[in-house]
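Each chain carries a letter (A, B, C and D) given by its place in the written order, and its residues are counted from 1.
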Amino acid sequence: MPGIKWLERITNTVADRGRELLGLREDEAKNSLADLCRRLIAGRGEASNIALAREILRLFESTDKDGKDEFFATLASQFGPAPQGISEASAAFDPEKPATLARLIEAVEPPRQELFRRLNMAPHGTASLVAMRSELLDRLRANPELSSVDADLKHLLASWFNRGFLRLQRIDWHSPAALLEKIMQYESVHSIDGWRDLRRRLADDRRCFGFFHPALPDEPLIFVEVALTGEVTAEIGFLIDPEAPLTDPYAADTAMFYSINNALRGLRGISFGNFLLKQVLSDLGDELPQLKRFVTLSPMPRFAERLNMLLAGDIEDWPRERLDPLLEDFEPALAEHSNQASPSAAVFELLQNFDQHAAALAGPLARLALLYISAMKRSPGVCCDPVAAFHLANGAVLERINVGADKSVKGMTQSYGVMVNYLYDPEQVVANHEAFVQEGRIAMSRALKREHEKHIVGKR
Amino acid sequence: MPGIKWLERITNTVADRGRELLGLREDEAKNSLADLCRRLIAGRGEASNIALAREILRLFESTDKDGKDEFFATLASQFGPAPQGISEASAAFDPEKPATLARLIEAVEPPRQELFRRLNMAPHGTASLVAMRSELLDRLRANPELSSVDADLKHLLASWFNRGFLRLQRIDWHSPAALLEKIMQYESVHSIDGWRDLRRRLADDRRCFGFFHPALPDEPLIFVEVALTGEVTAEIGFLIDPEAPLTDPYAADTAMFYSINNALRGLRGISFGNFLLKQVLSDLGDELPQLKRFVTLSPMPRFAERLNMLLAGDIEDWPRERLDPLLEDFEPALAEHSNQASPSAAVFELLQNFDQHAAALAGPLARLALLYISAMKRSPGVCCDPVAAFHLANGAVLERINVGADKSVKGMTQSYGVMVNYLYDPEQVVANHEAFVQEGRIAMSRALKREHEKHIVGKR
Amino acid sequence: MPGIKWLERITNTVADRGRELLGLREDEAKNSLADLCRRLIAGRGEASNIALAREILRLFESTDKDGKDEFFATLASQFGPAPQGISEASAAFDPEKPATLARLIEAVEPPRQELFRRLNMAPHGTASLVAMRSELLDRLRANPELSSVDADLKHLLASWFNRGFLRLQRIDWHSPAALLEKIMQYESVHSIDGWRDLRRRLADDRRCFGFFHPALPDEPLIFVEVALTGEVTAEIGFLIDPEAPLTDPYAADTAMFYSINNALRGLRGISFGNFLLKQVLSDLGDELPQLKRFVTLSPMPRFAERLNMLLAGDIEDWPRERLDPLLEDFEPALAEHSNQASPSAAVFELLQNFDQHAAALAGPLARLALLYISAMKRSPGVCCDPVAAFHLANGAVLERINVGADKSVKGMTQSYGVMVNYLYDPEQVVANHEAFVQEGRIAMSRALKREHEKHIVGKR
Amino acid sequence: MPGIKWLERITNTVADRGRELLGLREDEAKNSLADLCRRLIAGRGEASNIALAREILRLFESTDKDGKDEFFATLASQFGPAPQGISEASAAFDPEKPATLARLIEAVEPPRQELFRRLNMAPHGTASLVAMRSELLDRLRANPELSSVDADLKHLLASWFNRGFLRLQRIDWHSPAALLEKIMQYESVHSIDGWRDLRRRLADDRRCFGFFHPALPDEPLIFVEVALTGEVTAEIGFLIDPEAPLTDPYAADTAMFYSINNALRGLRGISFGNFLLKQVLSDLGDELPQLKRFVTLSPMPRFAERLNMLLAGDIEDWPRERLDPLLEDFEPALAEHSNQASPSAAVFELLQNFDQHAAALAGPLARLALLYISAMKRSPGVCCDPVAAFHLANGAVLERINVGADKSVKGMTQSYGVMVNYLYDPEQVVANHEAFVQEGRIAMSRALKREHEKHIVGKR
């Protein structure tokens, strides 16, 4: 997008000139950050404001951890709304008089919101604010008093990254190297090991799409990787193997969504995932009308942890009456095939030599996974596994549970090697979404429904 | 921008499918607009929300004036914050507890803000909301209770059209016809009479630049027209003459800014003008390093009205002691050259036959214009003429006052034919801005300063 | 295409500098054109060659008719191959020795080919050479000795405009104004009367596509206009009416190709039309899968002339035995409804009051048109009507003959108001093409086939 | 360039359909290549011609070495002009009758030229023909009878890659990965070791430009790498070190051209280098007006070989009377510092331990290098070293000779570690070019001129 570059050059010029005129010195100490912010909020000249905004963002970036801590603390303590003003406006509030509401709204708005808006005018301001929030999130747990600063920043970012401003773009080997570098950096589900690996993931039998914001042209906000195949893939290995032979995309009838990544940590809590998936479904259907199935191959990132805790007797939140019959199959199989004292160590040992003991363990483990997804609730209508929750709330069908599907260390440690296929059927998506969100009902494939009735609900 | 089109197609698809699923009928009555809005605010499924948003915007566009009146009234009365909630949150507010502030902020936020945010997700949502605000502004004077709706909509638009998201683009004969059509439609200073006229204004010895927002790729938010000349032009006629001979842009040393237009009424009160001018200065300097002067040729849109009122004795706000000596020159000149009873009619008559009586009237009229710009204040530091106020606050120099410079009906009726050159000197812009904004001091050319001292201040 | 502009700026710079160094004066007389060309062919420095090339093209453009005549004459007489060299190389030619062939090829290549290749290096060189050929074509008939110059220029242009370098682009209201201006200028089948008219032709229920060459980004080489309709249109009036109401393109099942225009006269004899039509068919099918029919509405540009000559007894090339039975219906109908002495005047009179006498004349006229298209041959396998020849050689079906379809003066004068629908069926295109080109067989719709057998072949 | 992709899709469709209709089978044997070519030359249907062309190119690519050998042999023996036709046309040739020349030109044109023109119409036809010529060049030395095929192919490619169709593009980290991959592959002067290395070469203090043809959008035909520095760099090491610290491009006053690469072997003999350099000079000057010097750092790729041959007594073409005084310094220095029997082995040994013996060897070696460049002629006005010949013919100044400048194995083996700075002064370029090309005079820096007079010419 040449426009962006051009604009940048211009505003840099404005900013540089302004900078001189502000009388700012390169080495101006970090403790002046808050002072500069005060000047920026008060400033009336727009060109000098851009210069100030740019200076503040540069200083913030170059300052050390302590300086940033201090800056955030100041934002929390000194850039909030004036309590006195709030009290007065509250007292004066009269529902019959719109002006009193306007005054109250104004009184409660923290001045740091205006500060952030003005910082956004600097060249690359949006990117800098997203990065600033990322730093802020790091400090939130230890410094709960920063939550109001985060609320304000998140409020603005959510407004600016409104879905109406995003655009979907295909990412492939013709994309700019600067963008592809980000893909490698942000892929956290199945990591990409260098350019050769990346190239395979962007080959002709693959698709990759991301959402982009016009102010961050080389930054995918979220992206999804898709493989075009002739079947519903049950194991991840083939899909991420850089040596996998190329297949004919026009002969494929299945689109396997095998990785979805949120890229910018500073946008945490501002979700784009469900839009992305649906637009990609729509686009793939247009480009490749022969596609019949849209299916994910997804991890269960908390399954191992929860199962370990259960086996160790640490938690009680598994639904006991459904669980016990499953354990009756599982624990003997474990005991028979492993000498490990701890059950979780036994599971791990067995899975690492998966092939030999698959027959014995596969069935019971799959049923525990089904129970984990279908019955354990974080809250009514929201299941315990975050990935399952995402796809089911999106209207997907729980299609298949695959034991031994991801033998990487991460796959073993998090999901005990189990991966799940969720199927997206454009005709059913809305109905499934409603059923799940309203009644907590999970749409399942026929096979899983039978399994569920026979082994889980049925044994109740 | 292909991305935009593509996105649109996709979201149309999503929206069409969603529409069916919503069970909406084409002829659904307009009184359901508010109901649909309530559903949209409450909705959880993002795809169906896009469909709903699109439906609401379509209904709004196709509804008649009464329906829109009713819709706005409902937004004002029923989509504001709950007074009960505000009272409770006000009462609970404790400056020491951030959570109580968060609750208060939430309580005062009108639900219509969330409504507007969700409407923005529809295809072309941003354009529709800008158009909606334009309709709203039409009703504001007669319906002051709508001001809170306007405040909310303006708040969001100001956030979305943050300077950091805009980009400057050159507009020329290679621009899309759809965009050029908008230029013809929005040019209100010196109207453009058809494509031939437009073509001349975009020829090689001209420049035109606009600010664009990524969500409105064919809509210039504001644009400026520039002529490259060999002198500071004193009359507008030549610059807007479609038959004016082409000159060599590389031989020009002066850039004449002869028209600045805000395009979208729905963005009233959200200003971009000063950024635009400064970036255009910077860009022209880069492209054509031989340019030495950047000067406007601007109207004084309220001069005739104020002078008429003065001559009719209707107002008293001209600074009397400076005015009287000027009138001593002006009124006899009038009387001598015209038989009209009313002074304003006399002025008008004389100016229409400008050439013959120029000598007699030009000097006195120019001095009155100088007094009007330099001495009449709307408020401290803000002069009475809006165009003068704009350029002086931007840091321009009051360079020259040209009598008989615009002989069009509009030029006569509004400015008594007078036009002003404001000069932008990049080196002085910041200092002039500060002097004007802080102290009300106006930077003038040497010639005008002398004139000012001799005839205006000096006679005091 | 920013690259092009950029390049142009650069080469201008190079050229300007080079110009100084060449010691060329602006007013250098036109008779030096040939001298400059000799310098260019001999020149070794590439930068100075660009300057020279640019200079020659500028001089040529600004020179008057006589100067151009002289320049072309010089190209013919002095820039051909040396006869002596040809004779020697011919004598030395030995089929067994490749080097002797190479020498012969070199000997016969006219130096003006190298001249044209070097002229092409100037900024806008390609466009200038195309324009130069256009001027040359104007002189060809009167100056047959220029044919060798034309052969050389055409040879190079045909090589440069090889189909492999062209690209199809959609043209719509978002296209650059500079390009749309060309569309208005080049449309010669159904002329476009200003921007409003153009806008209707580019509305949502229309499509327009052109072939472009990368060196001429704003010049469509050939373009086609398409209307999306719900039926095979028989009359042109509605399709070119700027007031015609908009229809829903997604509900259309028929694409009517109602105008194809070669744009650049300087490319005469280098054909792109059949590629264009086929690619447009393919593209429309992709974008709008609901389209079922692809049909033209075409004139018969020489029908009236040929029929007039026949009726005046001036020509004898109509196939007599088929013609006579048709005239037996036609001439009495003429005589009965008109008092004009000359038959062609009678036809014209009748057609101008078409509605009243349609019944009497329509059938006989349609049959004469069918005979004209199907039986009159320019050469074996190439029918007499150039438009029919184009579409039939392209593999189209002769679908329908419409009497009274174009009542414009041009339509009456050239085609007696008759227009023809040719239908493109992707499945049959290759077979029809082969049948027509190899055996002269014309594919017809069932109705026309019946008509043809009954009234034309049958009466034989 | 979306246009290209789109076009490709379309023509693929056309080609696929055509393919069926041609009745071609995937496994059609390679010996049919020539038959298909005959069909293509004879074919009249354009769509089926595209299908045929594509098929021929696919078959050629997938055929083995023997098949290609045979194909090229057939092109040479059977697709040349008919000797009989040439003889007849030669005999009939009459300089007074243009038609006889036209016939002769036609008679000598080998049919394979038309074949290549038609092959170019296939999707990616141009790229395939360039690749085909690359294969052909491999066979040329062993099969001189193929030279006529090469002449024809080269003739067409030179016409298509006419300078007027090329465009200069900057290449940086935002360029498509597919293009950057080519840069890594084609860089042969100072090889690029992976993406990290590449990234450094495209950082902010570097520039890279290439020439592109519209038909090969991701293929740089030739590219140049530039480093922005604060001095004329004498050693290559720093410039190609991936760990070299970033410097400020806006503070640089020197542009060092350290690598120029022709990319496509299939375009050998069609030169773009001098255009590229001059346009890059012009562009850099525009972007970075503070640049004062444009200098290369270039190898002397045949110096070591020639010097070795001289020292071994194998050649006699060094200008003896100038050489002998230089050897009087050089040989004793060699003998003193090395025990190697062969002089070339001694040189090599010494240079590998360069630092210790630099003082002794540097001066004599530099002088030999100066003699090599300045006095050894391949032909009048063309010096022996190809890189020197290129830059001097381009108008550069021989600025400095740097001993020990490239210590890589390649640098040692080819240039004995010596590198040369050639300086481009826009003001002098044309004069230097003329002096070198016309009179063989080499423009030198003052220091080198002094050295030359004192040690080389002076000792004569």
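FYI, a residue touches a chain if its C-beta (ideal position, glycine included) is under 8 Å from a C-beta of that chain, and two chains touch if they have at least 3 such contacts.
Nothing here was measured: the structure is a model prediction, and the numbers come from that model.
Asker: When you check each chain against subunit A and subunit C, which touch both of them?
Answerer: The common neighbours are B, D.
Asker: Please identify which chain has its centre, taken as the mean of its CA atoms, farthest from the centre of subunit B.
Answerer: Computed centres place D farthest from subunit B.
Asker: Using mean CA coordinates as chain centres, what's the gap between subunit B and subunit C in Å?
Answerer: Spacing between the chain centres: roughly 49 Å.
Asker: Taking the mean of the CA coordinates per chain, how far is subunit B from subunit D in Å?
Answerer: So the centre of subunit B lies 57 Å away from the centre of subunit D.
Asker: List the centre-to-centre spacing of subunit C and subunit D in whole Å, with centres computed as mean CA coordinates.
Answerer: That gives a centre separation of 41 Å.
Asker: Check the chains against each other and report every pair that touches.
Answerer: All chain pairs meeting the touch criterion are A-B, A-D, B-C, C-D.
Asker: Help me check something: in the complex, which residues belonging to subunit B touch subunit A?
Answerer: Subunit B reaches subunit A through residues 3-4, 6-7, 10-11, 13-14, 17-18, 21, 44-48, 50, 76, 80-81, 83, 86-87, 90, 93, 95, 98, 101-102, 104-105, 108-109, 117, 120-122, 125-126, 144-145, 147-148, 151, 156, 159-160, 162-165, 167-169, 212, 214-215, 274-275, 278-279, 282-283, 426, 429-430, 433-434, 437.
Asker: Flag every residue of subunit B that touches subunit C in the complex, lowest number first.
Answerer: 173-178, 180, 194-195, 199, 218
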